[in-house]
Structures are given as C-alpha cells and as structure tokens.
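Note sheet for the following structure.
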Amino acid sequence: MGGSFNSNHFVFLMMGAVWTLALTMLAFVSGGVLGFVVSLCRVSPLRALRLITAAYILLVQGTPLLVLIFLLYFGVSMAGFQVSPLLAADLALTVYSSAYLGEIWRGCIESVPREQWEAAECLPLTRTQRMRLVVLPQAYKIAAPPTAGFMVQIVKNSSLASVVGFVELTRAGQLVNNSIFQPFLVFLIVAVLYFAMCYPLSYWSRKFETRSGIYARVQPE
Amino acid sequence: MSYQFEFADVLEQWPLFLKGIRLTVQLSALAVVFGFVVGLLTAIGRRSDTPWLAWSCGAYVEAIRNTPLLVQIFIVYFGFAALGWKVSVFSAATAALIINLGAYTCEIVRAGMDSINKGQIEAAECLALTKLQIYRYVILVPALEKVFPALASQFVLLVLASSVTSQIGAEDLTAVASRIQSETFRSFETYITVAIIYIVLSYLARVLFWAVGLIVFKRRRRLGLAF
Amino acid sequence: MSPIIEINDVHKNFGHLKVLNGVSFDIERGEVVAVIGRSGSGKSTMLRSVNRLEKIDRGRLVVCGHVVSDPSVDLHQLRRDVGIVFQSFNLFPHLTVRENVALGPRVARKLGRAETAKISEAALARVNLLEKLDVYPEQLSGGQQQRVAIARSLAMEPQVMLFDEVTSALDPYLTGEVLGVMEDLARGGMTMLVVTHEMEFAKRVANSIIFMNEGRVWERGPGGMLDDPQTLELRQFVGKT
C-alpha cells in the first residue's frame, strides 16, 4: 500500500481528466461528421440510402458501447492492423456517437416547418441549396441544446475506454487506487471531476432546450 | 490481407452464452422494476412542497446523470465494502443499476407528472381526495401514459448498459464473452456473436414494453391508439 | 335555521390587485343564487373561496357549518359537503364515465362496490347519461362531458353545488342541455351558487341574483332586478349583454 491520497495523485487524476476531454472532443468531431452524413442520409429521397442508415442506427443502438469497443479493439487487430487503445476507443465512440447524433439531428431537420421547404422549392432552389441555405441554418439552432446534452453522454461513456487500457480519468482512478487502495475515496473524487465536466453542459443544454429533448418525447394528448 | 471467419469454436460455447444471457436478463429485470419504483418515488419527492426533500431528490438526479455508470458501479461496489458490508458482486451490480436507472426514470416521470392539467388535480381536490390518492388515481396513469415511449427507451438502454457491470466481475453476457474469446482466441467472432445477442435482446425488450403498455393503459387499447 | 353559506366582509388580494373587497351575503338551504358581473369583478374568486380553492386574506366564511376562513378547517369534510363544476370540465381522461363518477364515492367516501355503483348510476341518471357508462371522456361532446362532471360532483351527495361559468366553453345548443340539467337540480331542492353569463337562466331559475362589481356585492335582488337596475353599473352591464 502506497500511503494516502496526496497532491501527486490528484495531479495524475487531473491529467486523466484532460485525456477524457481530449477523447471526448476527438469522438465528438469525428462522430459529428459521420453523424451529420447519417442524418442527411436519413432524410434523403433515396429509399436505399434511408434504409441502410436506418439499419446502421438500429445495429449500433442495439449494441452496448462496451461490446463495440471490444469489437473494434480486437476486430481491427485481427484484420492485421495494430490498434492503440486510444484509436480503438475513439473509433468505438465515433461509431456510437454517429448513430445517436444522426438520429438527434434527423429529428431537428424534420422539425423545420414544412412550409420552409415548400417556400424554398418555389424559389426555385435545388435540393442541395434548399438544404444548405434554408433548412440547415434553422436546424442548427434547434440542434444546439440536444447536441450539448449528448456531449454529456460522450464524456461519461468515454470512461469505458478504460477497459482497453487507455488512461483517461477512470483508468487514472484505477491506477491511483492500485497504489493506495482507497477505492471509495478515489472514485468519489473521480466522480466529482466528471460532474464538474458534465454539469455545465447539462445545465446549458436544459436551459436552452425548447421542446426538443425528453419533453418532445412526452406525447401530446 | 484477408481474415478467415471461424464461428464454430465460438458457437460451441453456447451453454456459457446462455448463462450470460440469463444473468443479463436477471440484472436488467431487477434494475427496471426497482429502478422504476425509485424513479417514481423520487419524482414525487422532487415535486413536493418540502424544500429539503425536493432538493435532495434533485441532487440525486443531477449527481447520477452527470457521472459515468462505470464510476457509479465502482463507488457502490467499494462503498459497500467500506461500510463493512459483505455483498455479492451480483447485489452490488444490481444496486448500482437501480440507483442509475432511478435517476433517469425520475426525470422522465416528473416531466409526465408536470404535464398533467392543473384543472384535473383541482377537480380531484374538490372530490375530497388526499394528496397521495390524487397521485394514485388521477396523476399516475396519464403521466406514465404520456412518457411511456421515453420510459421504454430508457429501459432498453439499461439492458445494454448492464454490460458495464462485467467490470466488477458480474458474470453477465459481456463477461462471458471475454472468457470465451480468451479460450477460443476468436475475439472478433465472439464479440460479433455477443453484439447480435444484445441486438436481439434489446429488440425483445422493446416488444415486451410495447405489450406492457397495451396491458397497463386500458384507454389506449380501447380507443385503438398506438404508441 | 342559520344560512348554509355565510360570507362576511371577505377580502382577497392577488399581489397588489384587490380581487375581493368586502364581499358579504348569505344563502339559505335550498336557495339558488346566480352571480353575475363583468370579468374581473371577483365572482369566480369568490366562488372558489367558498370551497377553499382560494384562501381569503380577511373576513369570515362559513359553509355547511365549516369555518372556511379558519386555517385549520377540515378540508376533507368541507369538500365532501360542497361540490364544484368548472368551466373546463376537468374530467379524468384515463377513466371511463362510470369510473370518473365513482372515484369520489369509492376513494374519498370509502363506500363499498355495490353502493358506489348505485350512487354513480343514480347521479348519471340525473344528468341523462346512463347510456354512456363505459365511454371515455374524449368520446363525448362538450355538453355531455360537462354533464358527467356534474354527475361526478353529485355522486359526493353534497349539500351545496358551486358552478363556475360551466357553459362558457360550450356552443348555444350544448349550453341548453347543461342548463336543463341544472334547472332540474334546482327544482330538486339543491342549494346552488351559480356564476354565469346566462341572463335568461339566472332570471328564470335563480331565487335571487347577485351582481358583483369591483370585488363587492353591488346589487342583490330577485330575477326581476335585471329589468329594473338600481345602479348605473348594473344598467350598463345589462345593457351590454
């Protein structure tokens, strides 16, 4: 046993928190790009494209993120490529985020009033122009709060990267605990650090959430 | 570079998979039932006029919703030990899942309760019903009916999230997978198989909750309203 | 015998707004009193104060022997004795007509199954809706819903019934069927306090009419007072409607 919790341990946890944020940003950017493509495919006029992305979403949303991480970690290395834990975690979080963000953003695109589409059609704009100039600018505003809300999910779920050995906040907590064996204290501190990262995002998301989050899922009478 | 898929060795382990499925289903079922009860009670607590009660229910919800499940599982698991209680891995895992799901359920159920027309509550007060009677007979069913789709999605997510309990050694489907892959050296095939099982499980869970909705919400069934 | 409702110098403010400014009047058992007045005259607040949906700031209010102005009044007993019907029906959407009406007797009065059924069916018979027992509120017209709401109150077997602009959300045709039910009730001897905009109904059915203005009883008299207003305000009000 290596004594009690000291400032070195705390610095180590803070480093872990920085890696959690880095992994979150990485996954958010790549997951966001892929998710954007997914959402556009979901509203595409091509039936095949809609079905394929729907199946993609169904499969990803039906698989635990943990299994997804293992799948990519082992799967990609089986295919003969060396995968670092960071890459495996980032890939898994990317796939995971793209499916959820794709669905969230599809909802936002579809919630832009029909008349806006029709007005744009009369102008006459091409489909791409309609999307780019009329629909998306309005969808962005609707999408901001639920997107921030989903970032909270990414921060939290990045903790699963610890299972393949990537040293983010949770893994850092495990390492600190291995040396001082005060699990309750260590993981409480870890939890507080996560809370400090997530709460501002949650708060902001809820404050600006109009009717797009869980309240939209409340069925009207 | 081509990879030869070889599922035979993996599928030979089907009794182990079955055991894992059983534990995942048990964990999820317990967590959903008791997590729902916790969520219901804390939703009522959060709406209460007693400031400390409303505040503590709110603090519970925020604490859970803004920290990872994995860390919650560690805290519960080691917390029991710190308190000097000897509990099985299964109990610790179940408790952590209940605490986790309770917070999400609280938020959803509260949204449903808040959406009940104030006039109906007033009418119930005028029928000399007590606060608890009003919750039971006037608020509960329509509130749950309104948020049932969101609630069902949350429950399905929990089935998937229960995989995280493998990290403290619960012998669930994910833990079984890691055992099988280390014995067969067929990790990719193992996790593909497990992913498919989870997809099927979550689909079955969806069907189950849909059926529960039909049974519980008599009015929807009678009027032919779909969820 | 003392009046069944005694209201004495009742005051109520919403913030800086004086809503009730010294309301006083009595109602005898079996009397039907219509309350008229412009919106904002305080008539709804007065009505809601009678069964303590609103708490009054000052004054004395006694209903069926319950001192409503006393903070420690037994709300349970008060609400068993005083029924109320709202403008917006407020039926419970997840319950059938029968269940809506049975809720009070079964849960609040704790009556048995058989007796509850008997009372609920009697109440629904009084509003002519026995054929709609197992239907949900949303399957009914507005007029039918309001009649169910009346039956729901009647099933508590109250001594006094309050009506808060119960026909304001209905078209003239549906208004007629609801007013018809209320007229039957009045003839049956029920004590009724009716806030309404239906002048013809007030004149024909009420024993007396109260005209409220600026949070006070401005004029009170029999139905004929509408044809012979004593005050400028009532004259303007009658002229307008």
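Chains here go by letter, A, B and C, matching the order in which they are written, and residues are numbered from 1 within each.
Simple rule for what comes next: a residue touches a chain if its C-beta (ideal position, glycine included) is under 8 Å from a C-beta of that chain, and two chains touch if they have at least 3 such contacts.
Note that the structure is a prediction, hence the values are computed from the model and not measured.
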Overall pattern in which the protein chains touch one another (line/ring/star/complete/other): line
Per-chain Cα centre nearest the global Cα centre, belonging to chain: B
Centre-to-centre distance between chain B and chain A (centres being mean Cα positions), rounded to whole Å: 20
Centroid distance [mean C-alpha coordinates] between chain C and chain A, Å: 56
Between chain C and chain B, distance of the C-alpha-averaged centres to the nearest whole Å: 46
Touching two or more other chains - residue numbers and ranges from chain A: 221
Two or more partner chains touched - positions in chain C: 93
Multi-partner residues of chain B (each touching 2 or more other chains): 145
Chain A contact footprint on chain B (complex, rising order): 1, 3, 62-63, 65-72, 74-75, 77-79, 81-82, 107-108, 111-112, 115, 145-150, 153, 160-161, 163-164, 166-167, 174, 177-178, 181, 187-188, 191-192, 194-195, 198-199, 202-203, 227
Residues of chain A that touch chain B when the two form their complex: 58-59, 61-68, 70-71, 74-75, 78-80, 152, 155-157, 159-160, 162-163, 170, 173, 183-184, 187-188, 190-191, 194-195, 198-199, 202, 214-215, 217-219, 221
Touching residues (chain side chain B, partner chain C) in the complex: 117, 119-120, 122-130, 133, 137-138, 141-142, 145, 217-219, 222-223
Of chain C, residues touching chain B in the complex: 51, 53, 75-77, 79-80, 82-84, 86, 88, 90-94, 103-104, 107-109, 136, 138-139, 149, 152-153, 156
